[in-house]
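These are the structures, in structure tokens.
There are two complexes below, and they share chain A, which is joined by chain B in the first and by chain C in the second.
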Partner chain A sequence: MPSVEELIREFRERWGDHPSAQLSVAILERLATLPDDQLRMLTFISFKNVLGYPSVDELLIRAVMLLANSSVHALDAKLLFIDDDDAEYELDPAELEDARKEGALAHPVTGALIGDYERKVFPFFVPSDRLIGARAHA
Partner chain B sequence: MTFQSIEQLLALVQDKPALEIGLSVATSNDYAEWARNINRAVDHALRQMAQNPELRQAKGEDELTIELVSLLNMMDIEAGHDTKVGGHVDIRIKGKRDYHWLAEAKKHKQDYAWLMQGFQQLNTRYTTGLAGQDKGGFIVYSDHARIDRTMSKWRDHLEEQKIEGMSFSNCELNDLSFQSTHPHDRTGRPLEVRHIALSIYFDPKDRI
Partner chain C sequence: MSLENLVASMASRMPWDVGQTVLGAAEVTKGHGWDRTVAKFKGVEGTPAQREALTESLRQHLLCGEKNVRMYEVAPDELEKLRQAASALKPAKTPFSTLYPALMMEPELGAAFPQPLAVAAVEATDDGLAVVFASGRAIKLREPVDRSTLPEEAAKALAGYDEVLGVKLQRLEAVDVVWIPSHGSYVDVRVDFPKGMHQDNANAVHERVTEALAALIGFQPLVSPVNLFPVIDRLYRKSKEGSVVELAFGTTTASLKHEKMRRAGTCLREEKYHLGGKDALGTPIEPYRLSVQWSVPVGPEKASRPELSLHGSSKLGLSDAPVLDHAVIRHCVGLADFNFVRDRIEAALAKAEAKAA
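On to the complex of A and B.
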């Protein structure tokens, strides 16, 4: 399992020229030191806050996506559905994909169809096994 | 509220389909979903390339593939050209959990045996047939008219080869594409290959 420094090196080798590279590296550096209880549910807003970055913009979104999507794989992306009663359900991406095809999301418990589902589904991130292993190196 | 909804994020990336696809790739939590979104990304890049066929008609296979890889990289997709994987595969896309999507690309010369050779390179040389690496693409660039007919003939030709266990289905993303599935020679696992077309035919009939 690579260390955080090795993850950062691996990231820079592949994505060093990317416009969001510096932000991605800053996120990795912060994730290396944040306490476990602050890593349970990372959102674009929490990344903005821990970096002291002015707003959630395209550069920040791309920086986070690179960490979730590339072979560096420091983050796992997840989806949370919050219904009108504020009950929370973790959603499988396939359910969101089905909703996109059908134009409505089936409520995970009641099965009721929700047309404005995009207002009620929230992406969040957790450290991947790779990042957890890298943090354990320190 | 420390969350932003999909709706709010999509508003931020409005009119940037590449970023929307990138978000979908990032939230793909299994290989099938990831590969499906990679296919969306490839289609998006190829649609851009289809817009100026006159500029691309004379380009060679490698030039076209390098352009496609660059467009995918601009969508934050980890694509590489001519990467060493049992030989030099035309396109290798890597993702989390060692996901791979490999593709061979051929510029069609009205020679279906030539296409077959490319398909077999992908099938028997580059792909491992392992879980998380058993979906890929076969891209046909054509500077001839009616690429729909080319793809239809290519599908017939492939069918005539009687590759053991091979089945075909239409592609839900793009009606010029189709999909073949057959047991991989090495592992016996189903290898799904999406056969994708790019027409760079250009012959305007408005000149007197």
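On to the complex of A and C.
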């Protein structure tokens, strides 16, 4: 299991030229210093706040997505569905996949189909097993 | 009873997450959401094994699924008298008892509406005896309207609104249960409490159930529900007792806090912000509203997440003798996980009583 430093090195080698690379590295460095129990739900706003970045812009979104979707795989993307009563449910990725296939999301509790579900589903992130291992390495 | 009837009955009362667990255990392949699952099994008889599994799951859900619960402490001799009287009860001849455990649906339910409480079944299990009352009930639901399904003109007329809500009067067969345990001294009244039903309505149903029981057996053993308010503090302070997913409390700094955990398996008792706030105070917090979730195994590699809610108000928190007469227990797959939660309440009650003594 690589250390956080090795993870950052790996990231720089592969994505160093990407316009968001610097931000991605800053996120990795910051996440390395925070306790586990404060990394259970990281939203784009969380990343903005922990970095002291001025706003959630395309650059920041790309920086986060690189960490989640590239081979570095430092973050796991999760999904939160918030219904009209403000009740929150974490969605399994397969549920969203089904929703896209069927054109509607099955409400986790009522089982009713929700056509305009896309605007009620929000991403958040948690450290991947790889990043957790790297943090433990230190 | 066909698979069609069973699945439609399940859809009318089971949360979708519970329904998926039940269908999976019976090896019945679900559709996408309840409506499509019901449509999928229209006219389908199913195999005997499937029908048997779903009938048992539905029967258990009628006894313990999505319930608003009051507990009554009954003296041993009175309890025995109640047990004898209840076991002699016979279901009334109504469409409810004829269909039981399947439920009446629209349009038949509408034609028979309103229906008074009637005994649909008397169920004896290893743990106790259940007097099952069925009736027609209407619940006012406020549901968001999906504008993409409206005609163009209507959608245009409503374009200025962020959200469009429709009010729907939903008629359903409600199943309310008097549960007389084989052991212990607490008798439950378990009232159906679907999402969207107001506590005031549940209170009225509780009164109707105890009155109906007394009218049938000729005496009233269920006089005053047990005060569950002390259970809130007791469960909150027991660190290994499930996961606290919701807590509201007052502080001596003249504030009210309402905290919730957002992810399954996480617990407020250990949450940093919660602990930090408590540590900063020189006085204990004063909880008045609590929800606890447990993970209870319900089969090989399957666990349910039953949730107990004890929802007092800030007014109760200010009272010198706070009384909370009901609990809400949701997301039970069957009697095993419901009884697990009920045992936790009983244990907390016993400790609260010991402390008071």
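The criterion applied here is as follows: the second predicted complex is superposed on the first by the 137 of 138 C-alpha atoms of A that agree within 3 Å, B and C clash if a C-alpha of one lies under 4 Å from a C-alpha of the other, contacts with A are read in each partner's own complex, and residues count from 1 in each chain.
FYI, contacts are C-beta pairs under 8 Å (C-beta built on N, C-alpha and C of every residue); 3 or more make two chains touch, one makes a residue touch a chain.
None of these values were measured; they are calculated from a predicted model.
K.L.:
After the overlay on chain A, what do you see for chain B versus chain C, clash or fit?
P.N.:
fit
K.L.:
Measure off the angle at the C-alpha centre of chain A toward the C-alpha centres of chain B and chain C in the combined model, and quote it in steps of 10°.
P.N.:
110
K.L.:
A:L80 in the overlay: touching chain B, chain C, both, or neither? Say first, second, both or neither.
P.N.:
Touch status of A:L80: both partners.
K.L.:
Look at the residues of chain A and decide whether chain B or chain C touches more of them.
P.N.:
Answer, by number of touched residues of chain A: B.
K.L.:
Would you check which partner chain A:I132 touches, where first means chain B only, second means chain C only, and both and neither mean what they say?
P.N.:
neither
K.L.:
Mind working out whether A:H107 is in touch with chain B, chain C, both or neither, as first, second, both or neither?
P.N.:
second
K.L.:
Have a look at where A:V56 lands relative to chain B and chain C in the superposition and call it first, second, both or neither.
P.N.:
first
K.L.:
Just chain B (first), just chain C (second), both, or neither: which does A:D98 touch?
P.N.:
In the superposition, A:D98 contacts chain C only.
K.L.:
For A:A21, using the defined touch cut-off, is the partner it touches chain B, chain C, both, or neither? Pick first, second, both or neither.
P.N.:
A:A21 sits against neither chain B nor chain C.
K.L.:
Applying the touch criterion given at the start, work out whether A:T43 contacts chain B, chain C, both or neither, answering first, second, both or neither.
P.N.:
Only chain B; A:T43 stays clear of chain C.
K.L.:
Quick check: superposed on A, how many Å separate the nearest Cα atoms of chain B and chain C?
P.N.:
Comparing every C-alpha of chain B with every C-alpha of chain C, the smallest gap is 12 Å.
K.L.:
Hey, what residues of chain A end up touching chain B and chain C alike?
P.N.:
Overlap of chain B and chain C footprints on chain A: residues 80, 116.
K.L.:
For chain A, which residues are in contact with chain B within the complex?
P.N.:
Per the stated touch rule, the residues are 14, 18, 43-46, 56-58, 61-62, 64-66, 68-71, 73, 76-80, 92-94, 96-97, 116-124, 128.
K.L.:
For chain B, which residues count as touching chain A in their complex?
P.N.:
1-7, 9-10, 12-13, 16, 19, 22-23, 25-30, 33, 36, 76-78, 94-98
K.L.:
Quick check on the complex: what are the chain A residues that touch chain C?
P.N.:
Listed in rising order, the residues are 35, 37-38, 40-41, 80, 84, 88, 90, 98, 102, 104, 106-116.
K.L.:
Name, in rising order, each residue of chain C that touches chain A in their complex.
P.N.:
11, 15-17, 19, 32-37, 143-144, 146-149, 163, 195, 262-264, 266, 270-272
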